[in-house]
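As structure tokens, here come the structures.
After this come two complexes, each holding chain A, first together with chain B and then together with chain C.
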Partner chain A sequence: MNSYKVLWIEDDADSDLYHLASPVYIEGNYHLDIASSASEAFFYLNERRYDVIIVDIRIPPGKNPDWLSRYEELQRNSNANSSRLGLELLRRIFGENGNQPSLKVSQNLSVVRYGVFTVERLEELRADLSELNLTSLKYKRKNAMMPHTALLEFIQEISRGIPNGVG
Partner chain B sequence: MYSDYLSLIVEVSVTVYVFLLGLPILVNQIFLPEDLRRMSKKNYAANLISQVLALTVLLLAIILVAYPRTLFWLIPFDAGQIPGREKLITALFFAMLSLTLVFLYIHLVRSQGYRAKVVHIIKKKLIASYQRTGKLDPAYLDDMEYLGIYSKGGAETRIVIQALEELQKKLKIDSTPGPDNDALILLIEILCNSVANSTESGSRSNMIEVLAIYKDILMELKMLSTEENPLIQGNETLKIKDCTYKIALASLKKDYSDMMPRVLSVLSLIPGSSDKLFDIGLLALDKKQFQVATNVLSEMMDRDNLDGVIMNNYFGMIAHFYFSGDAARFCARRSLESNKVEVTEKALSDARNYHYNLCNFPTVDLIEKLDATDLSGG
Partner chain C sequence: MDTALQKIMDLAELEYRPCAGLPFAVYLVSREGVFLKYNEEAQAFFGLPAEPDFQHRVTDFYNQPGDREDYLSRLGRLERGQWLKNTTIDLKVNGQMRFVRDYTKAVWSEDGQAIAALLCLMVPINKGGRYHRLFNELPVGIFSFRKGSGLINANPRFVDMYGYDGLEEALFKAPADFIKYPEELEEMERRIWEKGSVSNEYQEHVRKDGSLFTAAVSARGVWDGDGNWVGTEGILEDVTMEAIYFRLVNEVPIGLYKVRINEQGEHILVHCNQHFANNRGAEAPEDLIGKDLRKWHISPQAFQDFHEALIRKDREGQSLVDYILPAYNGRGELRRYEVHVKLLKDSSGNIIGRVGAERDVTDYLDTKQQLDELTTDIGKVLHSYSSTLIHVKHTMDAVIRSFITKDLLLRENGMPDEERILGRISSEIGVLQNSVNNLLEKNRENRQFEDGVGEQLERLISLLVRFSSEQSGAQKLAIIRDGAIKIRELINDTVAKGNFPRELIKEARRQLREVLRLCSLATLGRGVDTVLEMESVVNNLRSYILTRVKYKEEPQRIDLYDLIIGAVRKMEEYAANRMVELRTNIKAIRNVYIDGYEDDLTRALLNILHNAIKYSWTRKGPGRAFVMIEGRMDADWININIENWGVAITQEELEKGLIFKVGYRGVNSSDRRRPGTGLGLYDALKVAEKHKGSLAITSNPSLGNSREDYSNPFITTVSIQLPRNEQLI
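== the complex of A and B ==
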């Protein structure tokens, strides 16, 4: 089978955004896993290999004590950024300011496999993404008017950019 | 006149005392819901004894001051001491009245949020019993389950689920080969019963909460699994599989189809769960919830190790899709095509036999009608 394995890190996927997942399932070329928190994303990234990884910026910490304490720490320092754990996840995957990644995930660290699908505007994220050298990361903004195929189209856009297809 | 006053005080005190004895029953009847009244494996009102004791002492003191000679053969007070006696008995009486009012207030306040308090007590007792013996006290567990099943769906059930979640965090998964984690298995079952077997209409958010707990347990089991001891294949996982299936059925019956990604997400972590996916898919097709059925069909093939059982269940689903209308037939063809599944007579025959042995006769009939050559695009 040559299907793409896709991880969608999104806490609203089983409620408001449920309809976005269906076109991906029915399309047939993508096998979708959904992580609803940073802890779940951490687990999936260590457990399985994905071809495409879609990250939401605002995600809850989940039950992992490490992520919980990081969330609390961010809350103490700055309330506005406390729920931006998707960014923190990217920081751990890719490493910040040339540092080695602190999260030892078994994923291919090619930026082309990752996409950010969030309600935040790109301008709000630009500074953080350039810190991580991820300015070339694919980005799509969630909004109330988006069609149900928005996620599928975004996955297709990312998968087209992977040099050797399914890896 | 003096004697009348003492008699009056004694009579009123006795009335107040009798009223207090009946107070818990009164409060229980008026303010506590039936399930909380009936749930009685353990006693959760131990401080009643101290309250009754305090008022008994006060009542005896009042009677003693009123009738020292008549009842207790004591020397009566001198006439000069009478004003002092009056003051004393009045003070005792007001002390008793005040205490009764305090106890009444306490009972009324306790009856508000009583469920949460009882759940909290049970949780603490269960944690204590687990820390002491390594097992969960079955009587407290029964009470917790009772509360989970009989509480009204929504906020009331959520209290029980949250308590069980806290309890689950305290349970240490034994990763040594051999024995099951019985406490964990019981907990998984109670969580399931609280949302899927409840007498009240289950709430969607509670079902999602329970599935999230299951997912956490599975992730932990998976991380603790080794080649020598594959915990993820143990009875804990089996119980989660059954319970997730029950929750999925309950959610489909209530038309909470948007919960399905969560259900599939849990089942995707469980090895050998294609049978449950098949059952969920069938129910979804039966209820014309094609979105859910399509998700199930896709999830079924999302396995690193596709074995015979998965393929048999997959062909069973394909057969049902194939005969559910033109669009569903098209979907079945696309699924076969995108998954690059080669349909052979042998594969269909294996699937037929598999479903025959499970008495899935309608599925057997539908597979019988499938034409391998046609499905392979020949």
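== the complex of A and C ==
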């Protein structure tokens, strides 16, 4: 069986959620890349085409000046203490307002391959996901009681939904 | 005759004699009002005996006895020898009202200290004359309009109110020339037509110069013999100020009221505004006016306490303010009112009532009480969290000790040295790789592994080798640990079913045990670091809640040097765990004392130190990361600077003060492990300001990197400035 290429965009992957990635590596069926900021995620998205992309909504901008200035711009316009750059990444992947996606590597645009793994409630995200026509993507809420296999299970759930397996 | 009276008569003789022959009533009375001498006209007017019997008193004839006191008082203020002229007095003589115009002169005692007698001249006036006087002197406007003619008569006050120079200027003007809004005039005329009169109607009137005033108008219709309405007469008052105050009284969002104590001792509400009525659960003031407010207190004792407090304050020359009064409202609900009250007294100093302002603070006090209870509860909960965290740390310390062998792998502070542990893991994995490869070699000979097990083992050992050479991280430890556990499972399964050389299996298991021991040591070390961080956060949060919300800390004399040393000591374990050294250079502020709040200042320092340690980068090469705490002072100020080398704060965050906002996380803070409460810098700033000082932060590139390049460390300095000479005690 071919390995699924999975991108997990999560800034706490090496801190609070450090235990989640290990089962994915051990299980052996997935090639896992972890991006801890929007800059890093953007870099990966422009390098490789992924089979499954899991996004945390609230992530830091990282060191790329474009993402940093976008973060500061969103902060100025919003009351939120930190901005939802995960949504910004989804906009770059899928394009917005009829625009083409702005990535060097065109990612698979089938919604079934995407998952949102975040602390926000789904209700809080509906409006933004609806704007991007992404209301049918898989959602999982982070919480303190989730098992260390939560990420693996989520990836497996998404993978099962991909028709014809890995392309 | 009484000698005193004789004396008075002797004094007044000279004054009396020239006046006695005038064709008016002339009489001499003592200060107390006893008739001493009078002429025929006076005798006839009052119906007195032919000769004074010193029993009759002029006060017996006053319709309003109080008028005489007022009269005497006015006389006393005149210069000696002056007449008090033209006073109109209402007298009752033989059951009839008589009106006189009076002229009086004081006769002073020999020593000139008191009025001994009064010499009075009196001119009777008829009703018309009296009313004519009233017409001209009353402080209200009197008017008379005739249909077709307009204003036909008005008193001087009316003319004055509208700003005309004389009656002639105002004569024959129509009512519409005086009333601003035609609809108000129409309404008044309609009511006069229907009911014959109106009373106290508020209208906007126009002066000659076009300015407006509010008039209270009372008027009646004038009808001719055929029942035709021919005119309107009435009075009006300028109530502009009254109207303003009325609006103010009813619009101000506070209850206002006045109480008078009647002869039965009841405390009757005589006036209140709409807010007071609402506060007390009534629809309108009218629903409350006339009620005895004492009945609405929760008990007679409660009312007594309140009234006594009011009296005590009054004796001190003050009003009673900020008094919390529990009382029932009109719906029988117990509420609490914050009242501000002043006693009312008459001219003799007797309490006759009170006026006050109140607001219903029940909800506010309930919320305050809940907040108080909540902060107590939170304080207890945080205290127990802190205890739990200490317990967890000690437990972890015990487990760490059980994992430590003679090869130690500990730092100076007794905590696991993660770098050395990871190095050891790397070595062990190398050895383990050999063992696994030997097993795989054996399997190729005798095929004892089940399908896929060999491939799994190869993959897992490659994973371990790969991650053992990667950069340090919690994930790396987790992957190595989970990988080792999986390899162990596979080996155990296979051994149960297969036939492998015992020494080979034993060796692989020993190496796996060692890898797991080392992973556990390193993970526990990280866990202890997390616990220490949380303990610091919880303690600071508890201190913040208790001192900012619950308790009011009293200022005291503080030795800043000791304070800083204390804070540094508290942070030592945390700093050591992070491999950050704390250095101090504070000799310059030894023996320096300031007035301050010790808990607040300690907490501020701990927060700043905590941040400085947390955001420090380990320096490359020999030597550890350090945080420098420096103290300096001049004549007026003490400066405490805390400097670290590491994570940058962006220029925008500094310029806009974002870094001081509650809950704010720095742009570059996410690469640290524990973000904290977001209160630290906000609280530290508030503490500095509470001490009339300031707090400032700079963050500058350290290695020649540009401001936008956050991949290289920045030097961040937090400077607290405190005044040396601010007296708070």
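In this section, the second predicted complex is superposed on the first by the 156 of 167 C-alpha atoms of A that agree within 3 Å, B and C clash if a C-alpha of one lies under 4 Å from a C-alpha of the other, contacts with A are read in each partner's own complex, and residues count from 1 in each chain.
Keep this in mind: contacts are C-beta pairs under 8 Å (C-beta built on N, C-alpha and C of every residue); 3 or more make two chains touch, one makes a residue touch a chain.
Predicted model only: the values in this text are computed from it and were never measured.
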Inset, instruction - Look at where chain B and chain C land on chain A after superposing the complexes, then choose clash or fit. - result: clash
Legend entry - Which superposed partner A:47 touches (first chain B, second chain C, both, neither): first
Inset, instruction - Examine A:61 and indicate which partner it touches, taking first as chain B and second as chain C; both and neither are also allowed. - result: second
Inset, instruction - For A:71, decide between first (touching chain B), second (touching chain C), both and neither. - result: second
Inset, instruction - Kindly classify A:26 by the partners it touches after superposition: chain B alone (first), chain C alone (second), both, or neither? - result: both
Inset, instruction - Considering only the touch criterion stated at the top, classify A:145 as touching first (chain B), second (chain C), both, or neither. - result: neither
Inset, instruction - Mind working out whether A:127 is in touch with chain B, chain C, both or neither, as first, second, both or neither? - result: neither
Inset, instruction - Look at A:13 in the shared chain and tell me whether it touches chain B only, chain C only, both, or neither; answer first, second, both or neither. - result: both
Legend entry - Region of chain C that runs into chain B when the structures are aligned on their shared chain, from 93-101, 255-263, 435-443 or 543-551: 435-443
Inset, instruction - Pick out the shared contact residues on chain A: the ones touching chain B in one complex and chain C in the other. - result: 13-15, 18, 21-22, 25-26, 28, 34, 36, 63
Legend entry - In the complex, chain C residues that touch chain A: 456, 459-460, 463, 467, 473-475, 477-479, 481-483, 486, 652, 658, 661, 663-665, 667-668, 670-671, 673-674, 678, 708, 710-711
Inset, instruction - Report the residues of chain A in contact with chain B in the complex, numbered from low to high. - result: 1-3, 5, 13-15, 18, 21-22, 25-29, 31-34, 36, 39-40, 43, 47, 62-63
Legend entry - Parts of chain A lying in touch with chain C, wherever the complex brings them together: 11, 13-15, 18-19, 21-23, 25-26, 28, 34, 36-37, 59-61, 63, 65, 68, 71-72, 75, 81-82
Legend entry - Residues on chain B engaged by chain A in the complex (per definition of touch): 169, 208, 212, 215-216, 219, 222-223, 258-262, 265, 268, 291, 294-295, 297-299, 301-302, 331, 334-335, 337-340
